[in-house]
Each structure stands twice: as structure tokens, then as C-alpha cells.
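One chain, chain A, links the two complexes that follow: it is found with chain B in the first and with chain C in the second.
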Partner chain A sequence: MKFLISLAFKNLTRYKRRTLITAGAIAFGLMMYIFIDSMLAGAEIESVRNLKWFETASARILNDEYWENRFQKPLDLSISNPDRIIQTLENNGIRATKRIVFSGDLILNADDFGEDGNLAATITAIDPVRDFRVFGFGTTLIEGRFLEPGEDAVLLGSWFAEDIGAEVGYWITFVTRGNGGFYEAMDLEVVGILNCPNPNVNRALLMMPISTADEYLDMDGAVTEINVALPDNADVPMEVERIQEMLNGDNLTVMSWEAMAVDYLALAEAKRGGTSTILFLIFIIAAVGISNTMLMAIFERIRELGMMRSLGMSDTKIRLAFMIEAAGIGIIGSAMGIVLGILANLYLVNVGIDYGFLLRDMDIGYRLQAIFRGVWNPGTMIKAFFIGVIISTLVAWFPTKRALKMDIPACLRHQ
Partner chain B sequence: MIKVDNVVRNYHAGETVVKALRGVSLEIKKGEFLSIAGPSGSGKTTLLNLIGCIDQMDGGEISIKDEVISTMKKKEKTNFRRNNLGFIFQTYNLIPVLTAYENVAFVLSLLNLPEREVKDRTMAILKEVGLEGMEHRRPSRLSGGQQQRVAIARALVKNPEIILADEPTANLDSDTGREILELMKTMNEKHKTTFIFSTHDKMVMEFASRLVMLHDGQIQSDEKR
Partner chain C sequence: MKNRLLIVMTILTVLAPSLLSALTGEEIVRKADDMQIFETSEATGEMIIKDRFGTKVSTFNSWSRGSEESLIEFTSRAERGQKVLRTEDELYLFYPDAEELIRMQGSMLRQSMLGSDVSYEDMTGGKDRVSQYDVELLGEENVKGHDCYVLMMTANVRTVPYPKEKVWIDKETFLGWKAEYYTKSGRLLKEIEILKVEDFDGRLVATETRISDKMKTDTETIMILHDLKIDIPIDDNMFSLEELSW
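Right after this comes the complex of A and B.
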């Protein structure tokens, strides 16, 4: 065995350039694997964070029938005693905030916006005191100020404000139907603009104080949802169950963020699957390269092979010798790939890639506004290293098998 | 020791059948220094390959040390070659990335001998073939004659009873070829190893203690000297 290893590694130095080129193909495949895995993992981690901080919270309490009818945003399928529930949750160490979500038409006035117009929009009415304890909007203000309870004011997402040409100090009119079906129009002053990292939110965000909405919509203290923040390391399904038990008998349901973001999770899974296919193809190309290199190496040394077989070296040992040699290429290539992957990942983790130009107008599913940052994943690197070495080793089996099919005199005669 | 009985070997080139050996029979005793001679295409390499268990015959039987090799399976033949036969090739067939020492020791590594024994036997045989001090040279730093000496050492190091040499001097000039033949003859006398070599070189034939002439796949003459 010692001899076989020594022979295999000495043979690697025989055609240095070819060894390096083949190792380079593996290195490129591995680098891509590490880079893309890091980028996707980073995008998923940040997307989940942005989902929870700006869209779904960790969990949400809703009227039993609300989720099925959520696209109509019904005000009558509400939670009638939110403050009592929030108090109960807080007594159990759980942060929570209430919201009213309703839709209607946004009327734009020519005085401010240059021309008259209207568009369908959704307003989220928040508790200006508690909301920032559950959601992450506290650090996103880029212009103006936050909301104050009871005022006729609205905050806009920066992309939404840009799209409609709104600025702080402008007035908008929002026409909607109140609880019971009556029409209501509310004039709201834009008091601030938020730059939310979640593009889906930033593209359509309108926020107003819940007390103002309660009055306009005649909610009588009812809300459409209570959002709950759980620690990052919390066992969400267990916490959801625990909250559900606290609400027993209230005709309310608790949904985890995963249940609400099921579309996003399916999309992320599909993207991961698609990317894995591409990476698999990269590895196949590298594997074909190695196989070809080994085929050339074997057939260039076919007389040596004949000699070794003549002297009584078994086919198994010969196969092993070539597979060790291929493993050597795999080790060199994988080591190079890991180094290149780390270098590429250093940039990805610290600087990231700005896809803002793409994400501004296109929804690709990820809750990222512009910059894709990577994460360090040593497990992936170890896995990539072993995949590189194992693939290299295995693909040498085919050309060796082919060479061993030749009879020994033919090997010895080979020119 | 070696009994070749009515051996037939045909090669197929498309639809044409080339009869390389047409019923060759021969007996070789232990310690003989035998040359199989004849013009190109006479079947001498084929006969050598069949005795060396690296080719498959189409008829007849070969037995070595009372073991019928013609019926052996591939694995059995490999084991037989490993334990009983040594080979010397026209083009030496040394592994270029290994030193002279490693090229010889390689054969012993196949026998799973202890490292100490591998070292002692390899150094001893290299000294015997006149390569002392050149153990660490790679083939590219050895002359043709020195490379063939390494090949002889490689064939002898496991103390085989039979060494098969296919045109061992064909790639050497006449002086070096003579040196190699003298070395082989010395080893034959010293170790009582049976040497069977194919050649069409007259000088090589002169060295042989027995000369078997082949023509068109048949024995034309068999003379002892």
C-alpha cells in the first residue's frame, strides 16, 4: 500500500501541467459550490430575518377564519380584546403588538403629486409604542419622523414613496370601507419615509397609528392581528402551541412565521434544488475532465501497466494505484478549491454583491433589498473537499477498467 | 520443468486468421539458458508469452513445475507469475518516476515482504548487476545498458525459477548487448535460474546453451550446444 501511494503521488509529478489543469477544474467547481452555497445560505438567513422583522413577526394571532379570507382583509373577522391578550402574553414573557390591516384606494392629489390619480393599496395601522418591540422598523427611518398616537399621519416605504413621487409633508387621501361596510375617506400627512430592507414591504408600505384607524374604521378596540416576537433560538412550533393554549376558547388561531411564509419557503427550497442541479453539472464537467486526464495518463503508461501485470501485480492493485493517483488530483484540486472558495467568500461575507438594480423592480422571492452577503459554513467546505476527492477517485475507475480489459501482450506492444 | 505440448495460437485480424503457433511441443529443463530464435512473425514472442502466462492459447497444453497453466484462471495466473516468473523486456519498461532501487523493490513489495528484507535483497541484487551507487538514479539518468541491468535485477530479485526475456539486447549496441548477455549467463550459472529468451540476433544465439529455431509457428530445429 505504501508503495502504491508513493507511486501514485510520484506519477502526479510526471505531467505537472496536466495535473494542475485538471485540479484547476475541480478547484473551480468547488469554489463555485462554496460561493453559491454561501450566497444562498446568506440570502436565506437574511430573508428569514427580514421576514420576521418586517412582515410576519415570529408568530401571529388571528381570528379563526381570517387566514382563509386574508386577501379580502376583512375587518369583521377580528380580535375583539387585543389588550387583554397582549397583557397575558407579556405576563408570560412574550412581546406582542396589535395591528389593523385594511385595503382601499389611495387618492393622489394634483397639488402635491403633479397630477390626480389613484391606486389600490394596503395600510397597516400600528401601535407606535409597541410595534417597534416586535418589528424592526425602528432603525429604518430615512426621512421625517415616526408616527405618534392619534395623529392623521402615514409613513411610507421608500420605494413606494419614490414610485408615487411622495415626499414628507405631502397629503394623501385613502378611501376604504369601515367595519360594517360604510365608506370612509381619511386624509393623512406623510410624516416619514422608511427604507425597509424587505423589498416586498418597502415596495408597498403605508403605516398609520392604530388609534386613528380604530376611529375611522369604527373598530371599537378590535384589531385584525396580534404579532408576537420570539427569541431567535426559540422553538417556534412549541411556543405557538403554548400561546394557543393561553388563548383557549377565544376562537383565535396562532400561526408561526413558517406557516405564513410557506410560499417563500417553497420558493427557497426550489431555488436550492435548481442551484444544486447547476452545481451537480459543474461537478460532472469536472469529473469528465478528470476521467479524461486519467484516460490519457493510463494509455500513455499502458506498457508500464503491461509490465506491472506481467510481474504479477493484480488488477485490483493496479486499479487502486490509479485511483490513488486520481485521489491525489482530487486532493490538490479540492485544496485549491477551498482556498479559492475562502477568498471569494471573504469578499462575499464582508462586502457582498449588490443586486439592487435587479431587485428594485423584480420580486425574486428573497426578502433582500440589494446586497447578497455570504455566510461562513465550514461544514460545506469540508463536504466540498470530500466530494471533490471522492468524485476524482471514483471517475478513475472507468478508464482503468477499460485499460485492464486489454490483454497483457497488447499492453506491452502498445506504442 | 516446462512442458509445452502441441500448443496452437491463432490471431484474428478481421476475417483473416493468422496462425502464430501451429502445434509447438517442447520440454525445458531447470537451469537451461535457452534461446528461441527465428525471423519476425515466426511466433517466438507468442511462445514466450504463453510460457509466461500472459497470453491465452487456442489449443494444446503448457505445464510448469507440474502445474498446468493453460487451465488456470486469470487470478491464478497472476499469482503464478508473481511467485515464479521474472520478465525482461526489450524496452526495459522501467517506471520513469521511480529510482533504480524503487523499480527493483517494487517486485518485492508485491510479495508483501518485510521492509528490511526488501531493502537487503534489493541492494544485494543491484550490487550483483553492477549498479552499486546508482540506486537513487531515475531511469532517465541511466544508460540503456544500465537500464537493462535494472530490469535484470528486477527480474532476479524475487529469485524466480524462470526468467523470460523478450529480445533483451535489441535496443542495445553490440558491446553493451554482450555485457548484458554475460551478466544473464553469470546469473544463470550462479542462481541456476532458467533463462528463456527470444531473439533474432546471432550473437545472442551464440550465448545460448540450447537454441530452438521457429519458422512459421513451428519448430524448425532444436539443438543443444
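Right after this comes the complex of A and C.
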């Protein structure tokens, strides 16, 4: 065995260029694997964070019938005593905030916007004091100021503002339906613009103070949802159950962010499946490269192989020698791949890749506005290393088998 | 003292006939509502929709029974076969291409009908406005040569779409020549104006109406009814769901 290892090692050093080229193919495949895995894992982690910080919170309390009618944003399926519930939650150490979400027509007038127009939109009425304790909008203001309770004002997402041509100081009119179904119109001044990292939110965000909305919509203190923030390490399903117990008898339901973002999670799962296919293809390409190189290496040395066989070396040992040689290439290539992967990932983790040009007008499911950043995943690197070595070893089997099918005189005469 | 009593008596004597015959706001609105209800009706018509993109004409056939049931079937090329059925409590849409029947509810009711200034919801709701609104008689005005009562109706329930309506009702015929619809905070939303009427045995019926959405600029919808027939026999099944999908 020691002889076979030493033979394989000598062969590796004898054909340096071949060894390096083949190892380079493996290294490239592994680097791509580490890079893509890191980028997608990073995108998923950041998407979940942006979902919870800007879209769903950790959990949400809703009227029992609200969720199934959520697309119509019914104001009558509301929570009538939000302050008492929030107080109960805060007594139990849970941060919570109330919101009213309603839809209507946004009317833009020519005085501010250059031409008249209207579009369907949704307003989220927030508690300007409490909302930032649950959601992450506190750091997203890029222009103007935040809302103050009771004012006729609105905050816009930066992409939304850009799309409609709005600036701080402009006025918009929002025509909607109050609680019960009556028409109401409100004139709201744009007081600030937020750059929300969640593109789905940034593309359509309109926020106004909840006290103003309450008055216009005749809500009598009722709200459509109470959002809850839980610590990152919290057991969300257990916490949801605990909150549900606190609300017993109020005809309310608590939904975890996973339950609300079920569409996103299904999409992420599908993307993971697609990504595995891409990574598999990368490995196939690397494997074909290794196999081809090994085939050439073996055919180059058929006379040498014939000589070894004529001297009495068994086919098994010859096959083993070539496979050890291939494993050696695999080890060198995988080690190089890990180093290259780490270097590439350094850039990805610290700088990231800006896909803003693509994500601005396209929804790819991820809750990322522009920059894809990577994460460190040692498990993936270890796995990639072993897969690299194993595949390189296995693909040497076939060309060796083919060469060993030739008889010894044919091997010795081979040119 | 005697003189004062005499003056009061004289005024009462002079004004008594007019005071006795004066109608309250509620009575005027009730009479106007009753004017618009027919046992049955049938008409062909067209809807001319004007907005900043141009003018579009949709034609239709319509049938109605009482104040609660109506059926519109569009006959113009783009929407041929589409039907809107209003029953006592519901509104249904039928799309022939998809052979799909849709019950309109919630926000769907707020959508504009074929891009016009009329929402599907404008077609729903009972004609009995007196029970849903407090009526105040503001005075009298002349609209297009017709002496009208001017009334402000303020909703006493939240479930009506228009919390305030200002209406101009003909003093003689009780036809509402003009109406303005306001939001709760008093913003003018829509305006309806009758452009042409036809006389059916002493009852005036609007055959051309202009509706404009005041929240949008340069838009208006003109509804024209041709061949209007009143109180004619109509098949009992006309307003059923089964009939809708045929």
C-alpha cells in the first residue's frame, strides 16, 4: 500500500502541469459551490430578517376571520381593545404595536406631481411611538422626518416615492372606505421618505399616524392588527401558543411569521431545490473535466501500464494506484477550492454583490433590496472538500477500467 | 297685547294653506325614490365613457323589476355577453369567455364598471334613502329651468357608501335633476346630472344621465337609455343565477 501511495505521489509530481490543471478544475467547481451556497444562505437569512423587521413582525394578532379575508383589508374584522392587549403583552415582557391597514385610491394632483393621476394603494397606519419598537423602520429615514401623532401626514417608501415622483412637502389625496363602508377622502402631506431594505415594502409603502386614521375611518379605537416582536432566539411556535392563551376568549388569533410568510417560505424551498440542481451541474462539469484528464493521463501511460502488468502487478493494484493518484488530485484541487472559496466569500461577506439594477423592477421573492451578502458556513466547506476528493477518486475508475481491458502486448505496442 | 294677537292671527291665516301643504325633506326624498321604482322595465342603452385616454362606448340591454332586481347584458364587441345581475342582497358578474360567475363582495364592489365613473356598488343598495339618511331641506333653486328643492342628506348609518348627498328634486315631478355625493369630511366625490327625460304617463324618467367622478379630472360617463319600456311582462326567471349563465 505504501508503495502504491508513493507511486501515485511520484506520478503527481512527475506530471505537474496535468496535476495543476485538473486540480484547478476541481478548485473552480468547489469555489463556485462555496460562493453560491454562501450567497443564497446569506440571501435567505437577510430575507427572513427583512420579513420580520419590515413586513410580518415575529407574530401578529388578528381577528379570527381577518386572515381569510385579508386581501380585501376589511376594517370591520378588527380588534376592538388593542391597548388592553398590548398592556397584557408588555406585562409579560413582549413588545407589541397596533396598526390599521386599509386600501383605497391614491389621487395625485397636477399642482405637485405635474399631472393628475390615481392608483390603487394600501396605507399602513402606525403608532409613531410604539411601532419602531417592533419594526425596524427607525433607521430607514432618508429624507424629511418621522410621523407625529394626530397629524395629516404620510411617509413613503423611497421606491414608491420615486415611481410616483413624490417629494417631501407634496400633498396626496387618499380616497378610501371607512369602517362600515362609507367613502372618506384625506389630504396627507408627505413628511418623510423611508428607504426600506425589504423591496416588497419599499415598493408600496405608505404610512400615516394611527390616531389620524382612526378619526377618518371611524374605528373607535379598533385596529386591524397587533404586531409582536420576539427575541431572535425565541421559540416562535411556543410563544405564539403562549400569546394565544393570554387572549383566550377574545375571538382573536395569533399567527407566527412563518404562517404569514408561507408563500415566501415555499418559494425559498423551491429556490433551494433549484440551487442544488445548479450545484450538482457544477460538480458534473468538474467531474467530466477530471475524468477526461485522467483518461488522457492513463492513455499517455498505457505502455507503462503494460510494463507494470507484464512484471506481474495485479490489475487491482494498478487500478488502486490510479485511484490514489486521482484522490491526490482531488485533495490538491479541493484544498485550492476551499482557499479560493474563502477568498471569494471574504468579498461576499464584507462587500457583497449589488443586484439593485435587477431587483428594482423585478420581484424575485427574496426580501433584498440590492446587495446580496454571503455568510460563513464551515459545514459547507467541509462537505465540499470531501465531495471533491470522493468524486475525483471515483471518476478515475472508468478510464482505468477501459485501459485494463487491453491485453499486455497491445499495451506494450501502444503509441 | 290685543294688537299682537291680531297680528299673529293674521299671519297664521295668510300662511295656513302653504304651511299645511308644505312637504318635509323626508317626504320629498320618499316621493323622489318612489318615482324611480317601476314594476318592471326594459331598455337598450349605451354607456359613453370619457377619460384622458379618449372615449369608449359600451352598449347594453337592461331589465329591472321593482327596486331590488336588475340585469344588464353588454352587447358591445369588447364585452359582449358580460352580464351584471343584481338581486335583493347580492351582485353577480358573469364572464362568457371564462364561463365564470363571480359574486361581487367587499373591495370588488368598489371597482369601476368597465372603466366608467360608476362603481358596481353604485348599482346596489335599496332605494329607501329616508331610513338611512337624515334629510335637511336647504331651500329652493332653479336647475335647467326646473324649480327644485335642495336637500342635504346626511347618513345616520356607516354602511352607506356616500355619507352626504346633496340633491336637487323637482318641485312638480319629484325627479332628482342633480345630485352631489360627498365623503364624510365633506369632499365632493361624484356628481350626477340628468340631461334628458321621457314622460311615461305623467312620470318623468331619466333617459340620459351624466356621472362624473370629481376625484379624477377629465372623466365622465354618460348613460343613455333607448327604447325604454315600463311595466311590461318579464319572465320570472330573468333575475335568477341559472338564467345568468345561459
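Here are a few things to note about the model shown:
The criterion applied here is as follows: the second predicted complex is superposed on the first by the 394 of 415 C-alpha atoms of A that agree within 3 Å, B and C clash if a C-alpha of one lies under 4 Å from a C-alpha of the other, contacts with A are read in each partner's own complex, and residues count from 1 in each chain.
Criterion: a residue touches a chain if its C-beta (ideal position, glycine included) is under 8 Å from a C-beta of that chain, and two chains touch if they have at least 3 such contacts.
Note that the structure is predicted; figures quoted are calculated from it, not measured.
In the superposed pair of complexes, A:357 makes contact with neither chain B nor chain C.
Once chain A of one complex is fitted onto chain A of the other, the partner contacts of A:13 are limited to chain B, with no touch recorded for chain C. In the superposition on chain A, A:73 makes contact with chain C only, while chain B stays out of contact range.
Across the complex, chain C meets chain A through its residues 52, 105-108, 110, 155, 157-163, 181, 183-185, 187, 189, 215-218.
By the touch rule above, chain B contacts chain A in their complex via residues 45, 49, 52, 54-56, 75, 78-83, 85-87, 89, 91, 93, 95-98, 102, 105-107, 109-110, 154, 166.
Residues 69, 71-74, 103, 105, 107, 110, 116, 118, 173, 175, 177-186, 216, 218 of chain A touch chain C in their complex. Residues of chain A that touch chain B in their complex: 2-3, 6-7, 10-11, 13-14, 303-304, 306-307, 309-315, 317, 407-409, 412.
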